[in-house]
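Shared between the two complexes below is chain A, which has chain B as its partner in the first and chain C in the second.
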Partner chain A sequence: MSVPNGLRCLLRPSTTTSIPARIVPVTVLAASFSSTSLLGKNPLPPKGKAPPSRVKVLPGGHIRAGKKMQLGKFKKNKQVDRSRPPAPGERKAYRKRVTLSNNNALPVEGLEEMSPQAMVDPEKVGRMLALPNELVDQLRAVEAFKPTQTWNMFRQPSILQRKETRELAEKMQAAAGKGETLKLVISGDRLVGKSMLLLQAVSYAYLNNWIVFHIPEGQELTNASTDYAPIPNTAPTQYSQQAYALRILQFLRKANQKLLLDLKTVFPHPELVQHFPVGTSLLQVANAAKEPDSTWPIFNAVLQELTAEGAGRPPILFSLDGLSFVMKASEYRSPAFELIHSHDLSIVRRFVDLLSGKTKLPSGGAVVAATSRGNSPRNPSMELMIAQQEAKQGLREQPVKEPYNRKYDDRVEAAMRDIEVLRLSSVSRSEARSLMEYWAASGLLRTAVDEKAVSDKWALGGNGNLGEMERATLLTMRY
Partner chain B sequence: MVFILGVNFQEQKLVKKALETFYALGPQKSSRILAKYSIHPMMKVGSLPQRTITALTAELSSMTIENDARKIVQDNIKRLRDIGTVRGRRHAMGLPVRGQKTRNQIQTARKLNRVERRG
Partner chain C sequence: MPPSLGLRAAFRALTITARPVVRAPLRPGRLSQLRTFADNTTSTPPPQIPGQDGMPIPDSFTGSAKEEPEQAAAAEGQESAGSAESAESAEPASPLNQLALDQLQLASYGLDPFDPHVVGHKYGLPELPIPSNMRAKHRYDPVVEQMTRLIMRDGKLSKAQRDMAMILNYLRTSPPPKINPARPLLPGAPPASHLPLDPVLYLTLAVDSVAPLIRIRGYSGIAGGGKKLEVPAPLAARQRRRTAFQWILDVVDKKKSKGSGRTMFPHRVAEEIVAIMEGRSSVWDKRNLVHRQGTAARANLATVAKRFGNKAR
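Coming up: the complex of A and B.
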């Protein structure tokens, strides 16, 4: 007898052994009520076959197979996956792709285009505004659209003009008019539309021909995933991030090309390898950065030129999403193996200095940061400063600093002492209604948009939390 | 392919993992070396600049790793055997050193415990 056959006689009676039907009682496999269509269709098992002996029937009607001895389980599985493995970076690109148009969605007639006037117009609050194509290209170039947002459901990217959007746009307009720097942090609950409001701020800046430095994710700067190097002759030591600086310059070149072409240099820049005589266009200087190794001096030169006083520079917007990542110790290590504080990273430092008011933009502009609730570390100091500011603005009562909490950070508190906070809350019913009408006009919402439907979805979405409304309405397949 | 201390590494390999392939160089030491040369933990071997590779090789050659580290372990075992301790004798016999039972499984001891210990 061969070995496997010999072992088979030791097998326990298993599913393969059939026992006559008359010995085994017929078990009803399904509960009296079942939502499973398969079981619901055939509540009784076919008469001819007896249920296997070691099958366990659990109370809910679920079946669990009994123990079976497997022979030859250590044999190698011969099936080899011959498909080509994804190339390096391919899966990430797929995960991070942003689709901005859906040809199956209906085009919405009569949508107004976003324009500098429309963004500050009180008449336009609560209307949907379509992004003009040129602006879409600019926003895409700086990666202001996120893969988690639902752009891929509609024909053309359009945004709801909210009350807060107009408020923010007006503040930016006023700051640029007076040559001051607006220092603002957008806070609010989860899914309330903070990143979207930041996108609108960036859009406003582009539409008004501002220079924009947009950092799409604060964490990319601080979670130790790009190059860094200590900058010589700085005390305390600061760190440059050349690869990320190159990325910012690329954003700038793509999105602000026309503007940069018209701006001319006013400083000689002897520190650069290439010679740029005074009066060269800034685009040419920015274009000189091709390799990360040579980027840092060029990045500095471009920033120095853009913030030159009395040279007729346009207003500048510095924007950043995910503030709490740049308000704590980064994951980088110094040569002495200590964690580097994010504020010692030079790019972050420039942003934070502007936010704290230590440096100013000579021709005015804005520094806008959005907090994030989905993926962000706890940051007691930042939360405290935001809460204090909200209390000053009369939005809540004065917060108390926990006396025994050692996770507060003085540097963060100093940086955020003098900021404005825009607390984003839920939308009003009229805003919700115009958004739902847009959904219906795009063919995504197949009910009549009336008072009842609006208040239904408004209540279902956490009393007008836009993201939750979207979840409750668009992202479920039940209409 | 990149040479670090005479060893050839694939370009996609993380620098940290490449360093940890050397005997007696673990996660702690490799993190410290990365910090010393300002290499971020996600850096791949292929994107290291040449001067950093040279510096890394110089750093590694000044450390007690690979054969130097093995030699220390072997010397310790040899010393134990020469002074005739139980631990030394058990090493020489390829048996467990710390009072384990030897009735059944002593594979690890058979593999590792010898005077000229390899790993």
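Coming up: the complex of A and C.
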């Protein structure tokens, strides 16, 4: 009991003391010049100082205010963050950055370097091959390394030479030798190593001095994230993607620089703003592309030059990861606000025409696409064509086309009618063993690698699914 | 398991002389290594089985073995040698016979048939103490296990485990910490360059180094004036780690992520652990504060002891 309230009981009762301010507007009934200290006191509470508790004693008397509704009383008072917000794209760049080396990991002695001969050598199947530094730079330039792969744990990027790798490398070798185009789709279960095999195909191409056009994510072409524009005088209308074309040219400049420097133009190219006389190096032409706006004619000119017949061009590899994104309607809209089919995007069309065999690479080469299981839209036509091809190769029974499914796409089926499928399966025990020995030699696997440990991880990883083995061994809480 | 599982009786019933047992050097893990969980088609050569691949079947298996008196005189073979004459070779195979035959077969492989790890067990006896990868319940390091449960939110243990794996991987891939001599770690800590490749040790060392030794317990009603009497109380190892990790998580909650995606939370935790090792973390200050409070309040122990007697402890 506070003393002022107690004393207030002794006063003569008056209206001002008993009526709360919220009922009657405060009017001081007594003379304003009254010298009585209590009545002359300012009836309003001093401003700026909120009472600590909800129940407050009014200055006029001992009547307490009732409970008042408070909105959001359960919300925490969040501290205002005054630090600089991340710049656009900064957080994504952090998420997507690729680290290729771990200085803590032990260097593995005696690893063989990847070379054109080693990739087709049957002796090397089941061995780890280290990527030479030059190749690493090239692969990094075309963004062939992915942030989800575990490159960041090892001292130097190295890849297991699988039997499928050798198979693919031999096919590429044969195709280039005969001047044919290898049209191949890599399929397989989730985490089985399809993107890694594609990376090995790209490596083989670089090691053999091929020109490489690598599209690291098919979805970037079709999910309406780069600029596009209709190409005039095309029926049905095709669309150019200048920003992406510039990116491809930049990949090419960085990764194939030496090769481009040696190749000379054979066409005059009057359509280009800059004049390139016949015999200019292709690198010079590619370097002319500086801004997206002026890229498209240069991109076309470079492609025309590289596929010129009888000019002694090197073999070309077109590779793409995430095939199902380019085998369906894209997310771009036409001026009539209809969805544009991916095959109407000019860059995709070039790839698809090569895959279907409609156009050919004059000096041979390969078109290799990898499907993806983690991030891929359902694509019935593509799945059907892959399954049919697998049935043709005797890997499974003939699939049946669903009669009432309306999501089949004739264009996709036409494009994929004549392809080869490389079905990537699990690794054998001996391959798994050499990989685990590499992990152990790097200091990341802290148990002895014996038959028991290998069978253990091999069985845990879905009978030799490499990605699952990696998850069970390297990405666990147990070391 | 007693090795005398009808062995003597079995030998007595045999019509054949037991061949001298080849005592191979004791290799307890041998048989269990041959039998892994899954089918074994590996580089270890399969055991040579008599009767297959041109291996001759030993005479003892066909029952046509001649008695070898000088070996029968050995201590183990004496009884069987005496009974071999009385029994006939045409005796039907009993389970005991079969057991003995199996043991003979083992001996012919060069294994010890009287090895208690093998006798009577289909897969042999487990190694003791049971290694961590053979246990279902306690398969993780105790510190890692405890931290994982503390990270867990909304009962999502598997997410917490994934986060913990990412924390450990961050520790493995980040450069070795620069130890600050002003913030001494636990005595006997390995040099910093050894830590990244043993992330569990790294984590344990960081958490144990900032773990407080005591907590401040408040006794109400003793100090008077509505105040609580602050008394230091010792903590068990698990409690200490829990307190330390809660402090770490408090700091982590207030930190801002650099990027985006599912690695952000584990990376913030791991960054804080690195900060602890390098002496930059504010968790050290919390620990020092608690210890200072405890030192100041230790005089109150006497008051509590006087009031509650032995129960206060």
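Miscellaneous remarks
The definition used in the following text is that the second predicted complex is superposed on the first by the 402 of 479 C-alpha atoms of A that agree within 3 Å, B and C clash if a C-alpha of one lies under 4 Å from a C-alpha of the other, contacts with A are read in each partner's own complex, and residues count from 1 in each chain.
By our rule, a residue touches a chain if its C-beta (ideal position, glycine included) is under 8 Å from a C-beta of that chain, and two chains touch if they have at least 3 such contacts.
Since the model is a prediction, treat every value here as computed from it, not as a measurement.
Using the contact criterion defined above for the overlaid structures, shared-chain residue A:D293 touches chain B, although it does not reach chain C. By the touch criterion stated above, A:Q257 is placed in contact with neither chain B nor chain C. Shared-chain residue A:S281: touches no atom of chain B or chain C. In the superposition on chain A, A:Y332 contacts chain B only, with no contact to chain C.
Among chain B and chain C, the chain that touches a larger number of residues in chain A is C.
In the superposed model, A:S225 lies in contact with chain B only, and not with chain C. In the overlay built on the shared chain, the residue A:L475 is in contact with chain C alone; chain B does not reach it. Chain A has no residue lying at the interface with chain B in one structure and with chain C in the other. Looking at the complex, you find that chain A touches chain B at residues 88, 224-230, 239, 293, 331-337.
Taken together, the chain C residues at the contact with chain A in this complex read 33, 36-38, 40-44, 132-133, 139-141, 144, 148, 161, 164-166, 168-169, 172-176, 196-200, 256-261, 263.
Residues 12, 31-32, 34-38, 40-43, 49 of chain B are the ones touching chain A in the complex.
Listed in rising order, the residues of chain A touching chain C in the complex are 81, 83, 86, 90-95, 99, 102-106, 152-153, 429-430, 433, 443-444, 446-447, 450-452, 454-456, 458-459, 463, 474-479.
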